[in-house]
Each structure stands twice: as C-alpha cells, then as structure tokens.
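What follows is a group of structures, each given as structure tokens.
Below, chain A partners chain B and then partners chain C, in two separate complexes.
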Partner chain A sequence: MSANENSSGGGTVEYIQHHLTNLCAGDCDPVTHKAASFWAWHLDTLFFSIVLGALIVAVSWRLGKNLSADTPSGFQNFVESIIEFVSTQVKDTFPGHNPLIAPLALTIFVWVWLMNFMDLIPVDLLPVIAGLFGIQYLKVVPTTDLSTTFAMSLTVFILIVYYNVKIKGVGGYLKMFLFHPFGKFLVPVNIVMSIIEELAKPLSLGLRLFGNLFAGELVFLLIALIGGTLATGLAALFWLPLQVVLDLGWLIFHLLIITLQAFIFMVLTIVYLGMAHVEDH
Partner chain B sequence: MNITVTLIGQMAAFVLLIWFVNKVLWGPLNALLAERQKRIADGLAAAEKGKHELELSEKNAKEALRNAKLQAADIIAQSEKRASEIVEEAKDNARAEGERLITAAKAEIEQEVNRAKEQLRAQVASIAAAGAEKILKREIDRKAHDDLLKDLASQI
Partner chain C sequence: MAFDMSKPDFSGLALIGVGTMLTSMTVAGFLLGYGVDKWLDSRPVFMLLFGALGAVGGFLKVYKLLSRGI
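Up next is the complex of A and B:
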C-alpha cells in the first residue's frame, strides 16, 4: 500500500485498481492480473464465499446437534428468530407450499449477509495480511464479484424455469410467452416482452447486489484514501479524525445496506419463485 | 469484475449450501419449532381444561354445601316441631292426669262428706232422742218416734 502513496494522482487510481483486482488463477492477463477469458478462477472470491459457507455449515451442524425444545440457549433463540423472520416472509409472499423455498431463502439471506459483511472489515486489513504471505491481490467481498451474484441469481433463474415448467407444463410456460401481457393479438410483442421480463429477473437480482456492494466497497476505499494520501505531516491531525468519522458513518449506513440487500435478494427470490408457482398469470 | 468460471464454482457452492442448510438447520429447527408450538398449544389447552374442571368442581362443592345446609335446616325444623309436639303431648297428658286426679279427689271428698253426714245424722238422732228424753222426762219409745227422729235428722 505504501508504494501507492508515492505519486499522488496515479497512486490513488492504482490503489483502487489494486484493491478491485481479484486473485486470479488459470487464464489470467499477466500484466493487469485480470481474467483474460472465462476460464479464470477468482481464488479470493471462491475462498471467502466457501469459508463463509463453511461457517454456516459448521454453526448449523453444531446447533442442529444441540437443539433443545424446552430451554433454547441464547444462540438458538437468535437463529430461531432469523428462521421465523424468513418463515414469515415466505408465508406472506409465497402462494401454496414448497418445502424448498424457505431453506433457499434462509440460505440466501444468511450467506449474502455474511458475504456482504466482509465489506465492513477495514479495506486494507486482509489484503495486507495476505501480502505478508506473498499474495499480491485480494478482493475480500465475494458479493463485489459478478460471478458470485450471478451464480446465485442464475441458480434462482434455473429454479424459476424449472418450477414454471413443472407447474404450468412446457406448453403452459410457452403460452405465457405468447399471450402475456397483451393477449393474443400482439403475439410478437408478447414474446419480446416476456423474454425481457424473464431475463430481467436474474439480471436485476445479480446486478443489484453487485452494484450496491461494489459501490459500497468503492466508498470505503475512497474514505481510506483520505488518510492514506492526504495525511502527511501536520495535515494528518485534520485528515485522520475526518477519516475516522466518515468511516464510522459509512460503516453504520453500510450495515443497513448489507442487511437490506440480503433481504431484497431473499424476498425477490421468493416473489419470483412464487410467480412461477401461480397457475394463471 | 468479469464473469469467469468462478461463477460455476459459486453456483455449485450455493446449491450445496442450500442443500446443507435445509438438511441440518432448517429441517430440524423447523420441526422443533412446530413441536414446541404444539406443546405450548397442548399445555394451554390443558390449563384451560384444568381451569374449567376447577370451576366445575367449585360449583359442585357449592351445590353440595348448599344442599347440606338446606338438609340441616330441614332436620332442625323437623326436630323442633317434634320437640314442641312432645311438649304439647306431655302437657295434654299432664292436664288429663290432673283432671283425673281432681275428679277422683272430689269423688272421695263427696264420699267422705256423705259418710260424715251419715254419722252425723245417726249421732244427731241419738242426741235429739236424749234431749227429748230429758225434756219429757220419760222414756220415749224409740221405735214409736223413729219416723219423727228421722225427719228431724234429715233437716240437719
């Protein structure tokens, strides 16, 4: 990081660029270290998302073994309240009954929230620690990687198509493309509209989450830059407290955003799948 | 920032995570919550039932108490009546006995009076005869003047 502070303008861009570059493996550009084609693995994204997933697994495993019906412990109460919250959302917005929806929604909510939470960890902390082990690039927030957000939204999309076909039948699903939303006299328009509508679902799901978190990360980087580039000599007395105050403010605000984004992703998933379960549109 | 093969890895991780959360967390916890809900509902129903039974038995107890009181009052009233009856009977008996005794005494007194009168009459006759003997200074044939003497005695 300290190398970036030497030249003022270029250093700032470089600092941000550096922070927004994934740890790439496979088919990567040797100079920019960006993915050169589809066949590049973002190791940091995979690592953090899987570690957080494993955290959920481990906690679930431990909790699932020590469930107590009569005297729930503090943590079980906490998890129960999350589950009841998700359960209420599903009951309120999902028509009919599908045993997959609620666990899916719960997984999305918790996993997305945890991945978002990585954003609240000081932006330089983990990359610096990784640098000590010789890892040059590290992007710690998996949800600022389009691969992650689209992985989830595409999975949801596959489920949407699956349940549409399962509930309405192949014919029924195709009929929806033909006669929705303008009736049988505007079939070509209907086809275009419906395809856009269906494709917009995974696209908006993935892009919304990515955009919010990417922007949030960027703001954290900019706030970090206040201290990083301007705090030299006596000026540090002014800029460092400002950085702390701004960082605190954005942290608190971002805590709201990450929860909201996780919640929105979950609710939209429920809503989209609910639409797939409705017989007549 | 490009979409890479990471996408496929993330999708696989996501699907596995959903499966696992469903298996280990959602399933057991949801079953647990449902069971707890049922138990609470059962407990509340039992409490309600118990309350109802308590009310019922309280009502029964009150009813029994009331009946017992009524019965007791009844018994007391009956015995009081019986007691006054016995007293009345005794009074009647005593009155009758007294009257009987009085009648008997009266009869005896009458008898005594009569007897005394008889004796008196006999004595008066002899006294009158003796008086007349002294007055007339002669023996009076008792048999000849018996009628006169009896007449005299009956006037006493």
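Up next is the complex of A and C:
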C-alpha cells in the first residue's frame, strides 16, 4: 500500500498506523491486529530477525572457510576491522577475562546494526511486495518492536544476574541490595532502591533502542507522506524534490543513529556485565 | 593486557547511559510499585512511593556517575 493509495482512501493516520502494525499470529485482536495477550507472535519481527541472524552466520561461515593470512580479501579486512574494534572496546572496559563477552558484544553490535539497517530500506517497498503475496501487514524493522528490544535486554539482564551470583555468590549478591546507597540504617529503602536500579538496566537498554528506531521510522513515514498527500498536479514539482532531499538528509543522519544505537547497546552490555564481575562497585 | 580487578574504569563509557538511566529508574520504580500494589491491592500507595524513590535514586545515580564514576 503506498502513501498515495491510502491518503485518498483512508488518510494519513491510517497509513502510519498500517505501517506500524505487526503481522500478528496467535492471540491477536481481530480489529486492531495488535497482540491481545502474551501468546501472540509477531511473525514479521521473527522472520526478519532470524533471517538477519542467519545471514550473519552464513557470511561468517563462508568467510571462515576462505580465510587468508597472506593475502586477505577486502571483505576479510573489513570484518577484521569490526572484530578489532569490538575487541578493543571489550579489553578497555571489561575487567578480567571471560571468553563469552567479546563474541556476545560482537553479535549484539552486528545483529542490532543489521536490524536497524532495515529502517533505511524505503518504507513502502517491502510492505508493497508482501501485499502482492496477500500479506496485509508488514513491519520490516525488528528493533521498532518492543518484543525484540526487550528480548535482548532481558537476555543481558539474565546474564548480569547469572554472573553476579557466579562471581559473588548468592549471599554476596544479596548483600549488595542491603547497604547501598544509604548505608546500614535504611536497609528497607536500600533494598527497594537496589531492585529499582537493577530493573532500570534492562528497561533503559530496551527502551532506548526501541525509542530511537521507532521515532526514526516514524520520521521516514512522515517524509513519505509528503509525496503521498501533497504531490498532486503541478504541486508535485515542488513537493517531490523536497521529499527526496528530506529523505536523503534523514537517511544519512539515520545511518549515524543506527550505528550509534548498536554501539551503545553493545557498550552498555559490556559495562553491566563488567560490573557483575567485580567484587564491589 | 593486565587487568586490575579492584579498580575497573567504567566511568567514561557508562556515561553513555546517563540520560536514559534517570528516566528508566523512575519508570522502574513505578513498575515495581505497580506490581507490589497489584499483589497487596493497595493502589496507588506503592506506585507513588516507589516512583518517587526511583526518581530520587535516578538523580543520585546520575550525580554519582557524573562526579566520580560508578
């Protein structure tokens, strides 16, 4: 469905809402197509995130088979530079040694970046193609879905708790909740405050990524609407070039945002896991 | 590279999350309060109390991060 078709039929609000609705299966609301309970599946989110994950695996596997120490290919150099970049971040930030952290950070960085990159594909392209196959709704950017961002941040949260318990022991971890930040005279307040602080970590990770990408997608939709709603007749001579310029501008700026958000998610994961590895913080 | 377990330097990179930490501490407080209120059927007592605690904690956390690291 393009902006043009929709604006003549249903208006701009419907156009935006349609683009922001996931392809839902399972327990979904029949009218709004939104998830009605926990047991709803966002098929488009699952599809694109799994495909992009599989792409990383396939490219890595292929590259791993053709590695060359003497004459590395251009792509090998490119991948090596990314690995070195992530490895430097881990070395600078992470105290001690844990063989899981660097691969985890690399996976997060590349996977989140690729999922974010879906935002740069023209907003109507994939939904129109899907429409040809009878798929009514398609939201192509997995990171504009709270399910994705919270799934990732909760995984990180589980790792944080796991390493806290592993390094400090159950007693040591629970002791952290008692005396921080107000000392030994306000233990009940300290407990609540520490729980809030722990909960805030996955919450901020998930919401930051979701918010930035959702807002970015919305701006792309609004820019697409310029051509869709205003470019009729001679006015198109003014509005269409404006749409192209704005789209290009936002695309270039957004390229920075998607990289930055992937970087922030990665770095904060390393920092939080690093905090779990030290005795007292 | 040698690691010093006693003096980790998170201060620089952790600052990336300062902005959202302030808001998410408040939100986390409200959410925790919401859960406790649902459990004890006492809405909105704990929601407000923990929300306020979260906001105070958020400011405190940001102040600590900005002044001397974690």
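Heads up, the rule we're going with is that the second predicted complex is superposed on the first by the 272 of 281 C-alpha atoms of A that agree within 3 Å, B and C clash if a C-alpha of one lies under 4 Å from a C-alpha of the other, contacts with A are read in each partner's own complex, and residues count from 1 in each chain.
Going forward, contacts are C-beta pairs under 8 Å (C-beta built on N, C-alpha and C of every residue); 3 or more make two chains touch, one makes a residue touch a chain.
Keep in mind that this is a model prediction, so the values were computed, not measured.
Asker: What does the overlay on chain A give for chain B and chain C, a clash or a fit?
Answerer: They fit side by side.
Asker: After superposition on the shared chain, which partner residues are touched by A:I264: those of chain B (first), chain C (second), both, or neither?
Answerer: The second partner, chain C, only.
Asker: Going by the contact rule stated at the top, is it chain B or chain C that touches a larger number of residues on chain A?
Answerer: Of chain B and chain C, more residues of chain A lie in contact with B.
Asker: Check whether A:L67 is in contact with chain B, with chain C, with both or with neither, and answer first, second, both or neither.
Answerer: So A:L67 only meets chain B here.
Asker: Could you look at A:F133 and tell me whether it touches chain B, chain C, both or neither (first, second, both, neither)?
Answerer: In the superposition, A:F133 contacts neither chain B nor chain C.
Asker: Looking at the overlay, what does A:F185 touch: chain B (first), chain C (second), both, or neither?
Answerer: neither
Asker: Is A:M193 touching the first partner chain B, the second partner chain C, both, or neither of them?
Answerer: Only chain C; A:M193 stays clear of chain B.
Asker: Contact-wise, after the overlay, does A:W111 reach chain B, chain C, both or neither (first, second, both, neither)?
Answerer: In the superposition, A:W111 contacts chain B only.
Asker: Scan A:F150 for contacts with chain B and chain C and give back first, second, both or neither.
Answerer: first
Asker: Looking at chain B versus chain C in the superposed three-chain picture, what is their shortest Cα distance in Å?
Answerer: Comparing every C-alpha of chain B with every C-alpha of chain C, the smallest gap is 13 Å.
Asker: Would you mind listing the overlap between the chain B footprint and the chain C footprint on chain A?
Answerer: The overlap between the chain B and chain C interfaces on chain A is empty, containing no residue.
Asker: Name, in rising order, each residue of chain A that touches chain B in their complex.
Answerer: My answer: residues 20, 22, 26, 34-35, 37-42, 45-46, 49-50, 53, 56-57, 60-61, 63-64, 67, 69-70, 79-80, 83-84, 87, 99-100, 102-104, 106-107, 110-111, 142, 145-148, 150-152, 154-155.
Asker: Which residues of chain A touch chain C once you look at their complex with the stated criterion?
Answerer: 91-93, 95-97, 181, 189, 192-193, 195-197, 199-200, 203-204, 207-208, 264, 267-268, 270-271, 274-275, 277-279, 281
Asker: Across the complex, what residues on chain B touch chain A?
Answerer: 1-11, 13-18, 20-22, 24-30, 32-33, 35-36, 39
Asker: Using the touch definition up top, name the residues of chain C that touch chain A in the complex.
Answerer: Residues 1, 3-6, 8-10, 13-14, 16-17, 20-21, 23-25, 27-29, 31-32, 50, 53-54, 57-58, 60-61, 64, 70 of chain C touch chain A in their complex.
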